[in-house]
Amino acid sequence: MDNIRYKKGINNLDKIDGKAGKMVIDSLRDISPETGQFIIEFAFGDIYERKILNLKQREMITLSSLLTQGDTHNQLIVHINGALNVGLTQNEIIEIFIQCIPYVGFPKVLNAISTAKEVFNSKK
Amino acid sequence: MDNIRYKKGINNLDKIDGKAGKMVIDSLRDISPETGQFIIEFAFGDIYERKILNLKQREMITLSSLLTQGDTHNQLIVHINGALNVGLTQNEIIEIFIQCIPYVGFPKVLNAISTAKEVFNSKK
Amino acid sequence: MDNIRYKKGINNLDKIDGKAGKMVIDSLRDISPETGQFIIEFAFGDIYERKILNLKQREMITLSSLLTQGDTHNQLIVHINGALNVGLTQNEIIEIFIQCIPYVGFPKVLNAISTAKEVFNSKK
Amino acid sequence: MDNIRYKKGINNLDKIDGKAGKMVIDSLRDISPETGQFIIEFAFGDIYERKILNLKQREMITLSSLLTQGDTHNQLIVHINGALNVGLTQNEIIEIFIQCIPYVGFPKVLNAISTAKEVFNSKK
Amino acid sequence: MDNIRYKKGINNLDKIDGKAGKMVIDSLRDISPETGQFIIEFAFGDIYERKILNLKQREMITLSSLLTQGDTHNQLIVHINGALNVGLTQNEIIEIFIQCIPYVGFPKVLNAISTAKEVFNSKK
Amino acid sequence: MDNIRYKKGINNLDKIDGKAGKMVIDSLRDISPETGQFIIEFAFGDIYERKILNLKQREMITLSSLLTQGDTHNQLIVHINGALNVGLTQNEIIEIFIQCIPYVGFPKVLNAISTAKEVFNSKK
């Protein structure tokens, strides 16, 4: 294991969505722990650690990418929570999805809005 | 034609990429002028006109979505130019692409970086 | 709101799938009512209102596009119902899906047939 | 080789786009002739031979599916030609693409319109 | 029906996943039996019957393709079972998914691993 | 830079496609050198270094994934070369593509075969 990258990754994951992120890593423990390690070291340790863009911007990009690729219900749940945790508002999250309409059409946007509704309602 | 939405759309298109946008609309004139009208009225008149997110954020989302969906070389050229026009730097544009690596893998990111290189070089 | 486009949209939506369409619009009311408005005004008011193709042809195209893009279970339910409402038969709907096999392979077609089965059974 | 299916396939391919189809099959001859055979026997012999939908409808579905999946420039050229050959007009072909806007967004539709322009211009 | 191709197909389907495959074919019986026939004759009779690659390699390719295209939960269940039946180990199946990370990113790989976990647990 | 992972990555890249891989890394040097570093350290240093599957199997999986995702002409060129370098034959490469037909349809397979033809011809 790569200790410095791993610690940076855990630290970034904690800022974004410590709880949901931890559940993903935990669910990988008995089937593919190295995949969990790659997520922490590479995605959160190497990429999220970089400068130039802040975490709010990184979550904005992540939500746009997840919405566009489709079949990402579980990942959208993690990152809608993550977006809220780093300071994006519910209105901003919905607006990110609306900005995608001209580029991907309504179906993918409706799927993402429906997932956001689920997450927002769970906070009430 | 819907004059108010059309004027708002042209105004937003001008801020983002007046020249390249105009070329797209012009190229549609003899084959599908209404598609050009829908792009101006709906995409740029209805969506880009909205508040909550600014044009820099909207272009950030657009680039993430275009990169993720693939087969969007021409649209990336328009919106990399657009991103520069609304104030994103070359470093920020590349960083948007790098943030997508964990979510879409390297091939789509390499395609987008290669298109950015083409656009950046044309500015020199 | 754009009254003429909105009324045309509601009118077209009623012909296609008034009940399911209304449920989609209703579900957006408290989270993103403007997305509902865009669906009515742009998708159903601007696009479905156009001549050259009739509603049966438009639903045929819509089903092919939804099947092909994947992750559109909810949208297929609305538009399989819509296709039946504008006069396509169950056999024609299945045949649309079969025509897609050479272009997208079996998995997406099996997903769409499975959704059609769900819709057809709910009519019995 | 399966003679009856092969002959039916060649017959259907001839009605749709004998010339372009033949070029595709020819280009496969020295690298993967069986793929050419599968296209003729399965796609054109089994699927296009079926009843319930006619060739105009089948090409309408095919164009919608090709537009939606993206990265299908060469296939769109074959089937825009095919659509014209079985009796769809240039206006109908563009309208098929416009009907896809709400479901896939503008980029894929602009790509398909640009390919149609290429094909239509080659006929002048 | 094409008896030789059909028998070859049933034979190959039996080797890969007789039980799950039969369930798919059965579920098509009352809604689109010809689609079931095409799966048996074309996919399993024509393609899987070919030489050059063995069934382990064919399932490896199939799993990579299903993971990459997304929205294939049901098909992954069939072919993770199929992969086990033709002799791939649980570790090899997970490793196929890990090899896809650099090419498609983490979300699709996490979806596939989660489906594998479901299948592997059902064997205990 | 992470010296051990980087050296492992360069070593694996050399085995697969030293020349083409080097060109990709070189082309990134002035626009996004860290992306080149991530490809070497993560894709080739972390993933390709793993056991359980050998390089022939890894290239088989990579080709299936690239074919399936589409818009990967440049990446297919690198990895068709890579597949040949680690010992897959031209016939095996084409057979990998044929195995994908039932899962993704003909268009993506025809695109990949056409790219293979380009690569194979360049070797003559």
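Chains here go by letter, A, B, C, D, E and F, matching the order in which they are written, and residues are numbered from 1 within each.
One rule holds for everything that comes next: contacts are C-beta pairs under 8 Å (C-beta built on N, C-alpha and C of every residue); 3 or more make two chains touch, one makes a residue touch a chain.
These numbers were taken from a predicted model, which means no experiment stands behind them.
Student: Provide the labels of all chains in contact with chain D and in contact with chain E.
Tutor: A, B, C, F
Student: From the options B-E, A-B or D-E, choose the one that repeats interface C-D, i.e. more than half of its residue-numbered contact pairs are shared.
Tutor: The C-D interface is reproduced by A-B.
Student: Taking each chain's centre as the mean of its Cα atoms, which chain lies farthest from chain D?
Tutor: Farthest from chain D by mean C-alpha position: A.
Student: Tell me the angle, as a multiple of 5 degrees, of the rotation that maps chain A onto chain D over the C-alpha atoms.
Tutor: Fitting chain A to chain D on C-alpha atoms yields 180 degrees.
Student: Using Cα averages as centroids, what's the distance between chain E and chain F in whole Å?
Tutor: 23
Student: With centres defined as the mean C-alpha position, give me the chain B-chain C separation in Å.
Tutor: 28
Student: List, in ascending order, every residue of chain C touching at least 2 other chains.
Tutor: Residues 34, 38-39, 42-43, 50, 66, 69-71, 75, 98, 100-104, 106-107.
Student: Specify the contact topology among the chains shown, as one of line, ring, star, complete or other.
Tutor: Contact pattern: complete, every chain touching every other.
Student: Per the contact definition, I'd like the list of chain E residues that touch chain C in the complex.
Tutor: Answer in residue numbers: 24, 27-28, 31-32, 34-35, 38-39, 43, 66, 69-72, 74-75.
Student: Would you mind writing out the residues of chain A in touch with chain B in their complex?
Tutor: Chain A residues touching chain B: 39, 42-43, 47, 50, 52-53, 57-58, 60-62, 64-69, 75, 91-92, 95-96, 98-104.
Student: For a test of understanding, state which residues of chain D touch chain B in their complex under the given definition.
Tutor: That would be residues 70-71, 94, 97-98, 101, 106-111, 113-114, 116-117, 120 of chain D.
Student: Within the complex, which stretch of chain B touches chain E?
Tutor: 100-107
Student: Under the touch definition given earlier, write down the residues of chain B that touch chain C in their complex.
Tutor: 2, 5, 34, 38, 42, 46, 50
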